[in-house]
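These are the structures, in structure tokens.
Okay, so chain A shows up in both of these, paired with chain B first and chain C after.
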Partner chain A sequence: MFPMLAIMVTVTGYPLLSTIRLSFTDASLVGNAPMSWVGLENYIYAFTDPDFRDAFFRSLYFAFVSVGVEVILGVLVALLLNQEFFGRPFVRALVVLPWALPTIVNAMMWRLIFNPEFGSWNALLTQLHLIDAYRSWLGDPATVMNMVILADVWKNYPLVTLIVLAALQIIPPELYQAAAIDGAGAWRQFWKITFPEILGPLSVALMLRMIDAFKVFDIIYVMTRGGPADATKTVSFYVYQESFSYLRAGSGAAYAVLVGLVCGILIGLYLMILRRQEHS
Partner chain B sequence: MNRFVKLAFGVGLALTLGVLAPRPASADVLLNALFMKQAAYSEDDIRNMTTAFEQANPGIKVNLEFVAYEALHDKIVAAQGAGGSGYDVVLYDVIWPAEFAKHGFLMDVTSRVPDSETAQVFDGAWSTVTYDGKRWGMPWILDTKYLFYNKDMLKRAGIAAPPKTWDELTAQAKILKDKGIVQYPIVWSWAQAEALICDYATLVAAYKGAFFDAGGKPVFDQDGALKAMQYMNDSLRDGLTNPNSREYLEEDVRRVFSNGDAAFALNWTYMYNMANDPKESKVAGQVELEPAPGVAGLTTASAVNGSMALGIPSNSQHADEAWKYISYITSQPVHNKYAQLSLPIWKSSYDDPTVAKGQESLIAAAKTSIALMFPRPSTVSYQELSAILQKRIQQVLLGQATAEDAMHQAVEDASRLR
Partner chain C sequence: MRRRRLVPTLLIYAAVAALVISTLAPIFWLFIMSISSTEDLTTLPLRWLPSHADFSNYARLMSLASHSIGEEFLYALRNSLAVSLSATAIALLAGIPAAYSFSRFRGRMGLLYAVLGTYMLPPVAFILPLYMAFSALHLLNTIGALVIVYCTILLPFVTWLLKTNFDAVPIEIEQAARLDGAGLIGVIRHVTLPIAAAAMGTAALFAMLLAWDEFFYALLYTNDIRAKTLPVAIGDFAAGRAIDYSLISAVGVLASLPPVFIAFVLQKSLVVGLAHGGVKG
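== the complex of A and B ==
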């Protein structure tokens, strides 16, 4: 127990405390400038910074929409893959593929798909007569965030599918047979049998994805670098920029602590869900 | 048998690891060098230069790393925090010396540069490495943005000569559009990135505007700087500029232009030979260039200083070897040999017929443009200033704000800089 605890304190506790300490200073990321205590100045600056507030709401939007779609899509695909059909093992393996891709590769791929001149997204929509001409998807602030979300959903919904599929497989088929005899349709079977059974695992998947999505950085960095006109600049991108582009480690740490607090709340909810499941 | 297999496997593994491990003999010095992989010298050029250097200097090996321009600054900064195992040679942009010098990132190499070279290299190139009266490296890429045009398209539109002023560019673009020769005649790199500021600065120079007044107060919302912004916006509203420019970087501009989807483009030196290369371009042989236009009554041409330099990070353990490498790849013979994608920093190279061969118009344009190169502000918080301008300029280009409002806001933001 003790060695484990020691490792935890070293690799998690120390950096965390050091970040919190840093957030009360005007430290520079590197270089020879002396560092001094500035109290709450960095936090006051963060709260009065309209750009940070915008970035915060952008992260929330990203988290809610992408996780929302991932959950719905993930459950639907899991239900499909739980049915018997020819080639099911192959399709099950295929579904995992997007999730196994590195985010950077995924982001580069979607950049090409959304390309305004030769992107296949434009080709698809034009051939379906949904749009008249090729257009810029990542250069338009009205669409760009949803396009990044689409790329994120494609990559991450398989996690939800995998977790839900595992839960589906342990539901005894007799339950469905009995329900069918009692005259319950597919819709009723889903809400009365399936949904309660998968709710636990699903809420775990939902919280894990939420925590991850709120911190979104890499896919943004590769696809849009926060543009156009800051339309995809999320809080994590903000932290990155403050620390590494502007070298203000102190203020960057303050922003990071604020992001950490939000994740802390989400983690608290996650633990509550876990505890409730243990009880039931 | 079993033991034999194990033995063979072990020997094979040892051999493979021995062969694969990229470590020089113990006496060798290994330099870690950081370059970018877009515009100017190609990766192949840099590898060839480096191989030649290694052959001439036994005992020094150079490990090359290439990153996108957008990652270069942060990579240099992050490596500083890594202690002694960082880079020995880094490529850096003309806009960073103030910040780097303030934080002590680079070694002062003033005493290493021979006095005789001061007069032999262009002042615009020296300004890339000079801050606070000291030299923080050696200029390597002497670059500015030129106006590229498609000869064939202009001929078909009945246009006799390329534009000399930005208003003429507008007029010619309109003719090309009206005659249906090309849907969007002009393409730029207006993504939310430094490339946008380079295009903007070129126009600011043409309109004789400024980023800051003599007292150091930001003046983006006045005179020439505001007119530059309005020009960009008008050209977009009139349908003369490709609207996708708002998500393009330099390589996108090159692709669109090389594909025959634009008649005019603003881009760096490297596009000239690439867009005229049949392997890279559908419009090879049709590509010409001029210095970026001027404004009637104010300027005859315009240019932005987009030069880059090589420096030695202050935590390098091999400064002498690093300087040897820098001296070699910035030397006149090397510059003259690789003058197709990036032009020499050396003045006399421009009168050397072997350098000019096959790219006479590039050399002619360079002679005008290099003398005019307009600097972006030399300030410690340049990165942040640039981010402010990128955001506000894009708001105008995306129709979210008027030029006056957005640039006024940029001035307010800039005065909030800490």
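== the complex of A and C ==
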């Protein structure tokens, strides 16, 4: 156990504390300018900074919409894959494919698909006569976030599907037979039997996705770099810019601590759910 | 009776068809782009199939000529392999004993949860001090720095996954071996580890997936072919001014092959890893 703890303390425990310490200073990322303590100044600035507030709500929007769609779609696909049909093993294996693609490849792939001049998304929608003219899907602040969410959902809903499907497969079929005898229809059977049985694993999947979605960075960086006009600038991207573009380590650290606190709440919830499941 | 069952069946097959098409279409398109010429991809209206299959992009990527895109790709591939394999090896070496002791000494669960909680925090909470430390130690732009950072992602995950599996090894088996005169280390080596071997395989493959996928730290701490990993190289290609769509697509296809292969090998044990937080996004 000791080597593991030693590594974790050096490479996560120590930096975490350093970040908190930095957040009370006016440190710069480069150069040898002496740093001084500024107390709560960075935090006061962060709380009154409208740009950071916007980034915060953007992250929330991204997390709630993408995870919401992923959960609904994930459960629906899991229910589908639990039905009997020809070729089921093949389709079950296929669903893993988007999840297996590297995040960056996924982002790059959708960036090319949404290309305003030559992208296949424009070509498809035009040839199906759904739109009249090519659009700049990632260049329009009104549509860009939802297009990034589409790319994220395509890759990540299989996580929910796989976890829920595993839970569906261990529900005893007698439960459904008994309910059918009692005259319960498919809708009632879902809410009375299926849903309670998958609720535990589903909430684990939901929290994992939520934590990941709130700190989203990779897909944003490759698809939009936070643009256009900051329309996809999420909190992680904000901290990245503050620290590594503007080199303001002190205030970057303060923003990072705030982002960490929000994630900390989500993580606490996740661990609680997990512990309850281990006990049952 | 027959008609009532026909409609649901048709609905199921329609939904399956939609699922298969929406899953495969983007991936097929990525592959088609990789074997199309730029002229094919930029004709309007778009022709969906190239006039001829052109695998020259893949050939271009296999070149080590200096300052070529092939050189950048091959070095990134090497760096990604080196980082994923070393970080996974260290994570297993440190994670197996840690998992074992967490499994056998129940009172330490609080500590395990603390480690897990820390590792799920966003990378932004760690990037600044690590950057400063690596800079002071002249470790920026080295594979070593990435191996160190990736251990902090892989180690908690591996420890936790293995702990659950050690929990499933009955302590009675170990006690019986002890009575037969085996020492503690002997018991762990000859009794416990073989039983948990499959789980260690799963943990190792999952760890490699996580390391292969990591982007944020690699973006911040590397800047040329000496240490840049594949995700960073792809990010650069995708944002380049002179975009060669078919070439980037070929890089994407190649970078996806190892994780897709691992995912299919893992198929059966995938869910266990996922529920333990084996996700990056």
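Here, the second predicted complex is superposed on the first by the 265 of 280 C-alpha atoms of A that agree within 3 Å, B and C clash if a C-alpha of one lies under 4 Å from a C-alpha of the other, contacts with A are read in each partner's own complex, and residues count from 1 in each chain.
Please note the rule applied: contacts are C-beta pairs under 8 Å (C-beta built on N, C-alpha and C of every residue); 3 or more make two chains touch, one makes a residue touch a chain.
Because the structure is predicted, anything quoted here is derived from the model rather than measured.
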A:102 touches, of chain B and chain C: first, second, both or neither? second
Which superposed partner A:8 touches (first chain B, second chain C, both, neither): second
Partner chain(s) touched by A:199 [first = chain B, second = chain C, both, neither]: neither
Partner chain(s) touched by A:85 [first = chain B, second = chain C, both, neither]: second
Chain A residues touched - chain C or chain B, whichever exceeds: C
Chain B versus chain C as contact partner of A:171, first or second or both or neither: neither
Which superposed partner A:139 touches (first chain B, second chain C, both, neither): first
First (chain B), second (chain C), both or neither touched by A:184: neither
Partner chain(s) touched by A:263 [first = chain B, second = chain C, both, neither]: second
Contacts of A:225 with chain B and chain C, given as first, second, both or neither: both
Common interface positions of chain A, toward chain B and toward chain C: 29, 117, 225, 244
Complex contacts: residues of chain A adjacent to chain C: 1, 3-5, 7-8, 11-16, 18-19, 22, 29, 77, 80, 83, 85, 87, 91, 93-105, 107-113, 115, 117-118, 120, 123, 126-127, 152, 154-156, 159, 162-163, 165-166, 201, 204-205, 208-209, 211-219, 221-222, 225, 235-236, 239-240, 243-244, 249, 252-253, 255-257, 259-260, 263-264, 267-268, 270-271, 275
Interface residues, chain B side, partner chain A - complex: 70, 73-74, 77-78, 80-81, 99, 102-105, 191-193, 243-244, 246-247, 255-256, 259, 261, 381, 383-384, 387, 390-391, 394-395, 397-398, 400, 418
Parts of chain A lying in touch with chain B, wherever the complex brings them together: 28-33, 116-117, 136, 138-141, 224-230, 241, 244-248
Of all residues in chain C, those that touch chain A in their complex: 9, 12-13, 15-16, 19-20, 22-24, 26-27, 29-30, 33, 41-42, 44-46, 48, 90, 93-95, 97-98, 101-102, 108, 111, 113, 115-133, 148-149, 151-152, 155-156, 159, 209, 212-213, 215-216, 219-220, 230-231, 234-235, 237-239, 245, 248-249, 252, 255-256, 259-260, 262-264, 267, 270-271, 274-275, 277, 279-281
